[in-house]
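Below you'll find the structure, written out as structure tokens, and then a few comments.
Here the chain labels run A, B, C and D in written order, and each chain numbers its own residues starting at 1.
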């Protein structure tokens, strides 16, 4: 059994790691840490795990963790990872980091969008962007993985085939994204109060959301040319789930059916990407609770524009599930291990 | 007191007409009709009105209605209005129709998007498109008003100032719209079952939603040139509220502040349009329960693109409230009468 | 116009006072205070009021308030009212207090359930319990009103007729109460985070909720004998609305119909109490947005037990609306003034 | 691999059977039937199962099913099971029936509460009530199991230890139950429309709900004496989850701690029953997605009354999960097989 540590185990992504890994047949969770809940049992903080994970949270202690663990997940706030991951790396621990701190190829892009210097650019350079469908080979050999988040995963994967095949103009791509509230984490700030969220919908951080830079980084690499796009996040009154609606102008006339065929072929070996047939579109309830990303599309023949819709569970394929998928690749085991369960429609 | 009839009083738009008009100081509801609930009291069907409107629903009877009423609202399904409104008009009744049947300047556009012939093109031609902020003068003199719906109102008004002032390119306008479930009416179809809607979000009728044609009709008129655009509706797990996020490429560089100033000036006499200050964006909870439409925006200076966000209550400014606003104009009374109440934030 | 101050205007009850009173024809809000938001406009904190109430919040200043106002609402946390209300009273201001601090006839009961001494027992003794349906005459002459909250109003009123008419045994009364989340106020504590509340239901403070003591105080007075009962609050994933299900053993056999007749007669002059006919039961959507309390019941003839169900809007009849009703009584004007609007079913 | 048929696979309980059994290591689903969706793929009706169960639904054909299957689940409406189960039984198929048709020891009780004759009283008599925690030994040998539903399971199990140990009076037991909307199935009736359910709570079928009779049957058996009780169901705006709050008068003074100890001992061998420690109470989010039933309690020492709270997932422990638990017992394999996954807190 591979010995696993989870730093930041009591946030929403952290606790999903605990839930998924506690059922994983080839690993064993040996350490869970939490700043806020140190000394408390996981199952007292999250009683759904009573009887399934009754470990006690500890304050993070790098020395101890490095003795106990083979591989560590860091589900820490942006900025915190930057400080602790280098210490873990220095102990030769494999690290899968769920923050934004190790997702950039270019330190200046990080520094521009986060407005703060990166304290370990050398390590940042060594980190691999953990989107298995794009970087599987490098992930398999990585020692540090920057695990992408929900908005980015759900924005990048639906556009890759179009850009890789040079089928769309690159100057008019618009991604309109809608996320459930868990995407904001377990923060108790007023905007996430039940009464402020329910029966409400809003856009936020227009033209300014940090994930725009990650999406542009990855899609530019696929396109083979630097590109910029619009990304607009919205908050939806639901817990889990993210849906993106992407718009792009086609270079040549084509049909919905032909594009779907192209997508199916492009992603034919990707178990966790499901392409919907013509006339069907993804909904978040089709993926909630699972590691799938569902993709569907419609060509608007009047405008020669394609509208691509994608949905995933923001805490699973958009966080903890993807991190476990990365771990499986890193360990050289079946990528689906521990991630096979279908979601729950209702 | 002006005597009012409401045909189709037991749908969600109809019952909002009852609620609003039962508090209106200058009119009196004298007739409510319903196919499904004829013979039953309004307050038995909708117990929130117990003690406030205990009238009994009747089957629609044009002769009787024409004797009793000065003005009639028809809150009937698309296709049904087309049959009954001509009969009401033949009795010289003023009619405000909430369906899509009398909203078109051009019968062929109607027939193309609805896939069925219009049975009274002459009457359609006489009907006025009931968006007060665009057509107030004609509304005041109209005998038949085609009252626009939620998606169209929330799509047209946020884009008018940009097009009227020739500030955006017309070939890349994208409207990404998100609606609460009441927009689909009181239909008991499976997609509107609680368990199918809650904790779920989806896009639907991409590149094919009928309201696209209304939006194009009105915006083309403002732009002075025929134009087409993308309109994508989504279903959000909330009752009331609609939010649109519109994208357009600016002809010249400009700032968020300068555009907001332009909007404030353009709509300075419009009580029901509220422009949010820079840094603030509309949310549906700011308008739910009221007749306001709130508009905010951000210029993405990297892309020279403006993102305009608008929100309204789909059953009020997007249906019944707008119909009452039209009625007030038609009656020559203060447009705000009966519509002054603020919404409920929580 | 009567000049009104609202202390604590930015909580959920406070902002409902602002919303209701800004539409009230006989009063004028002249002062709004807030500890947290002093210096900010009401309409920036609660944008649904943009254009309707753009006053700026001030820090509470008793001297200034007493010069400006004729009557003051204090919508402050429990414990804070106790300190500030005596100062307001000392300036001969009429005060309607929405906290629990001035609702007790007996200081020892307050001190037992709140676990803290009352700092002004003399003033507590002068305060009138502001449930108009029970204490209208004293309210009309009061200078300080302890305005009851949502759980208590929705627990007391449905049981009064049974106890007043000596129809039930007093030793087995059980009130099982279910409340929307706004009942907990605008606190950003973790239990009120959207993701912790939605799709969840729980009981809390079993056998220990403070409002038990208020319910027992008022019902004992009606019964003419000291009594105790079970009160269990639950949290429901909705914003507004409270529903209570009360169980009591009947002394004699009777039917649902006969009890309903008795209730209708008992409450025949109470505009805001609506008794549902046999076979119909209250739902929170019938009262949300209004000042009504709806009551229905079923006699379980197998067990000779009555089950009474009541529903109200916790922020209106359970807080701000009831406070305005008290104000109207105090001012000698029609009790319904400013409170006539029906709720919104959807 | 045991060969399984699921009749009525496209209802909410049926599809949960498909989801759970498609992951079960010792069985294989070989037949799924549906009246409404015959000829369609499971994964087209429920796209969350795309790639996981792409079987095609057939019309139910007893002959064919009896050739294909070793064991059959019938997730059919009440009344339909009564007709088809005898045919399946006649072919010597083991049947686990999720309807109410085979849950009664006494035909007259069934006929009284269902208002219709039972068409196969002999088979009813042979059927075993499938609550494993009460009837495990008989279940192991049964050929027909009447699988109890959500309300009954969540009402019976929390009261058994008190009655078995003669600790409460039997004449004043009250069960106040609250259920998510999926408990009503996938019916498209108006009361289950999203806009009618969300932000709403109501009681229904007071003193008349059929499950009362099942609860009384099982608890009377435990108590050793015929007893009656109050059972009141409520509808809560959430998908999954049921919570019951039960009230009973204690015969002797005791503490919360002592009762909890007694429960822990009574249920010490029951994996799926979790007793919460003192000061903690069940919430539906602790059990949603799992087969657990969580139980907590508080003794109200003022009233010498115990309040017991229980929560379960109505489609899992209250339907499909319990049915699989029964199947495991019947097959003589570990009762937890296929049911080990923890629920999802968020």
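One rule holds in what follows: contacts are C-beta pairs under 8 Å (C-beta built on N, C-alpha and C of every residue); 3 or more make two chains touch, one makes a residue touch a chain.
Note that the coordinates shown come from a computational prediction; the quantities given were computed from them, not determined experimentally.
> Measuring centre to centre with C-alpha atoms, which chain is farthest from chain C?
In terms of C-alpha centroids, the chain at the greatest distance from chain C is A.
> Any idea whether A-D or C-D has more C-beta pairs in contact?
Of the two interfaces, A-D and C-D, more C-beta pairs touch across C-D.
> Could you grab the centroid distance between chain B and chain D? Build each centroid from C-alpha atoms only and quote it in angstrom.
Centre separation, chain B to chain D: 46 Å.
> Chain A to chain D: how many Å between their CA centres?
36
> How big is the gap, in whole Å, between where the Cα atoms of chain C centre and where those of chain D centre?
Once rounded, the distance between the two centres reads 38 Å.
> Quick check: what residues of chain B touch more than one other chain, meaning two or more?
Counting only residues that touch two or more other chains, chain B contributes 12, 182, 195-196, 198-199, 237-240, 283, 285, 288, 346.
> Line, ring, star, complete or other: which describes how these chains touch one another?
Shape = complete; every chain linked to every other.
> So in the complex, the part of chain B that touches chain D is made up of which residues?
12, 181-182, 186-190, 192-199, 237-239
> Going by the contact rule at the top, pick out the chain A residues touching chain D in the complex.
Against chain D, chain A makes touches at 12, 15, 19, 22-23, 44, 46-53, 182, 198-199, 239-240, 271, 274, 276, 280, 283, 285-290, 292, 294, 315, 340-346.
> Can you name the residues of chain A that touch chain B in the complex?
172, 174, 176, 178, 180, 195-196, 198-204, 206-208, 228-230, 232, 234, 236-241, 243, 245, 247, 249, 281-285, 288, 298-303, 305, 307, 309, 311, 346
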